[in-house]
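You will see two complexes here that share chain A, one where it goes with chain B and one where it goes with chain C.
Showing the complex of A and B:
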């Protein structure tokens, strides 16, 4: 069920308003030194400053570029790998144990090694996103190919589709709902990985780097402001890219009902 | 002219305790433009037989010929309609579903669209060409499936209980429509059903299969004039005779 739009907006406003008020009360209570609990207006001012001098856009640009590069690579490797796994038993038997063991390892646990291997900078962050995004893509694509309705394949074959045509016209679109679900999961994991990775591995730019760097100067307003930006940006990408993708394909085809509010 | 020839066909498959014989010594012909119904209880191998004709399975012994050529796999000389509504491609509109076979044959886009539109019109679906399958009722989806199977002009139409999952009223409508379409297109039809009344309504000839293993027990010609009245005495008599062949009422 989908709530009417105005009610959703109203609910969100009330929720964020209450959270801001609660924070404000806590910040002004004096339980912690004011220097490390900036009030809401200071956080807003910090974000406004970063917008004003343009640095926010550079940070956002770097972070988005890193996650895009990492996810792009993961998609280029993971989707075909998942497809092959779904179609070829020996590949499935070889890849699945590896994926099953590597997938539960939090990507951030690799950061120290990645820094040793790739040095500080973009490569380590991109590699981290790649690692985080790869397994959801492989596993979801593989599941999607396995879940393709046999009847579609039979119908296509009875109409003269050869192996290549069955793959292109049936297996690919049939597995797409799962691939999209995989992309969403990959983004959620990649977003955590990129911000976390930037804290340690980035130099000068990126939303994660800003937070870590601000710690040196006790710029808690910048830290909280960046956190808010990270949350809102993650939500925006999820809604504007993945939810839209889902609406235009899976939902339109009736392969999923009422998901993605 | 004999369009489909089924010659001494046995079909065995691997079961838990050795091979199971699903069909034994099945032989019959279907004439060109003949509407033949294959009737039997569930498990009598009627769907297996249809799958052999479709080329999804190969007979253990014997052979199936279409237009004189031995069947070795699927082919564009046959169109298949399944029972399950899910046979349509959900990511394609009704129109694009109907175009699929033509697309596989490399027919140009404009010609494809024209042909698809013609068959959708034949099935009374011209207004739904742009609808996706999930936006259509079960009966409409099966009509799209029939249009899709007819669009690339196969000589033979193979139908596996296409209306079994529909409600009774829709099923009656669909049977009437199918008879009309068959009269217009003059396809050879092999139609599998467990519903005797349906077989008597549709068929020129009804073949009755008995189970374990599937063998032909009767070959009944239905000569009632069309459109047939399922409540007439003659209709009920034919129905009773076939039910008698099925055994056990």
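Showing the complex of A and C:
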């Protein structure tokens, strides 16, 4: 991504312009009914309509609230668990097999079961995000704690730091880059889980639910519009929230070189 | 077990294991697993080919990079599953939308990683090859391709993981004839929680197996053996 800025902008314009033109030509060619392939302006109009009557914001709000709740729970459980795993051998030996068996199961495989257990609605979606986000957080935190330089710990100990101080001032900041990487992965997975979960388990609001509900009425313009919102929102959270978090913490403390990635 | 929760919803481990055994013996689980794996293979192959070709193009030609990179970077973070209802409208129910969606979802990480890999090939290797009189084709075959391979492998791995996740979910939505996702979704109608948990167990095992039996040996045979990656 080291291209000169104007080149990038020009390239992006050409790319999106030609993609939109190709779609427009395809949509207007009449080879498929316009209900199935809405032209670009219909999609834009659909988004504008949803912004106008405010429903878009409600959907976005619900989706974001669900992912925030699920990720918050996952962070509260997963990060301490990963820390304890990294510091205490018996815990590691007990938890790691469980995590490595559960982690490759796609969260969405649990949707039907979660619906039976938690009913339709918010609880099932939040539980799903929790499940999806938990394992990247646990595994990354654990790796992070294990990867803390032994020398730093010994140096702190020889300077007379007790266990609590070593943990607070050495292990915690040392593991933080990994924890943040885990949060990123957890968000990517949770974002998929929340959209998928809403399609199947949500009842009235949410971006996944809109797409699924619009299918029933063949509102392809709303579907494509919501899809674009999902993509932009995902990109924005990744770029704005996590990149900023990284800049504020680990880069500032000099634990990771910025802009290298 | 203790009777706090209804056993219908939370079956005991013994019931799940018994169901698991029964379904294996009767051939139901293997049939569904095979259906899912076949779909995964076709879809992933599709996505891998498209992704690698796009990535190589983007890595070798600046023009292609300028045009394709914005599209790929915007498409990459959209959950593949979000397209599922659209794919159903466009391609109907059944195998076709499921396979296409799997390929579509898998292509993005493959393309991004291939692109990174091609760009990470050391310029000095290429110059050395040129100095030794290699032609454009030879450079590509003998230098760029092996040099980019570790990153391509990473991309394939990520792509497969993503394909697997999407596939299980999309099977629930497109009502394919045989598939693990469909098995779980269908079992819900009958409150057969033991069947659902058995299906989830198989999904976990297959996912683990893909990683351990397919990718680790493949990596050992290629990039590790060529000394491109220390293990």
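The working rule: the second predicted complex is superposed on the first by the 240 of 261 C-alpha atoms of A that agree within 3 Å, B and C clash if a C-alpha of one lies under 4 Å from a C-alpha of the other, contacts with A are read in each partner's own complex, and residues count from 1 in each chain.
The rule is short, and it goes like this: contacts are C-beta pairs under 8 Å (C-beta built on N, C-alpha and C of every residue); 3 or more make two chains touch, one makes a residue touch a chain.
Here the structure is a predicted model, which means the values were calculated and not measured.
K.L.:
Following superposition onto chain A, is the placement of chain B relative to chain C best described as a clash or a fit?
P.N.:
By the criteria stated at the top, chain C and chain B fit after superposition, with no clash.
K.L.:
As a test of reading the superposition: which chain, chain B or chain C, is in touch with more residues of chain A?
P.N.:
Counted on chain A, the partner with more touching residues turns out to be C.
K.L.:
Just checking: does A:200 make contact with chain B only, chain C only, both, or neither of them? Give me first, second, both or neither.
P.N.:
Touch partner of A:200: chain C, not chain B.
K.L.:
Of the partners chain B and chain C, which touch A:156 in the superposed model: first, second, both, neither?
P.N.:
Only chain B is touched by A:156; chain C is not.
K.L.:
State whether A:102 touches chain B only (first), chain C only (second), both chains, or neither.
P.N.:
second
K.L.:
Quick one: is A:14 in contact with chain B, with chain C, with both, or with neither? Answer first, second, both or neither.
P.N.:
The answer is second: A:14 touches chain C but not chain B.
K.L.:
By the touch definition at the top of the document, which applies to A:218: first (chain B), second (chain C), both, or neither?
P.N.:
In the superposition, A:218 touches chain C alone.
K.L.:
Write the angle, vertex at the C-alpha centre of chain A, between the C-alpha centres of chain B and chain C, to the nearest 10 degrees.
P.N.:
After fitting both complexes on chain A, the angle is 100 degrees.
K.L.:
Could you grab the smallest C-alpha gap between chain B and chain C in the overlay, to the nearest Å?
P.N.:
Superposed on chain A, the two chains' closest C-alpha atoms are separated by 24 Å.
K.L.:
On chain A, which stretch or stretches are contacted by chain B in one complex as well as by chain C in the other?
P.N.:
Looking at chain A, the two contact sets are disjoint.
K.L.:
Within their complex, state which residues of chain A touch chain C.
P.N.:
3, 7-8, 10-12, 14-16, 18-19, 36-37, 100-102, 104-113, 115-117, 188, 191-192, 195-196, 199-200, 207-208, 211-212, 214-215, 218, 220, 223-224, 226-227, 230-232, 234-235, 238
K.L.:
Within their complex, state which residues of chain C touch chain A.
P.N.:
Those in contact with chain A are residues 9-10, 65-71, 74-75, 77-86, 88-90, 164-165, 168-169, 172-173, 180-181, 184-185, 187-188, 191, 193, 196-197, 199-200, 203-204, 207-208, 211.
K.L.:
Sort out for me which residues of chain B touch chain A in the complex.
P.N.:
Chain B reaches chain A through residues 54-56, 74-76, 78-80, 82, 84, 86-91, 100-101, 103-105, 132-135, 148, 152.
K.L.:
Please give the residue numbers of chain A that touch chain B in the complex, ascending.
P.N.:
Residues 149, 151-152, 154-161, 165, 169-170, 173-174, 176, 249, 252-255 of chain A touch chain B in their complex.
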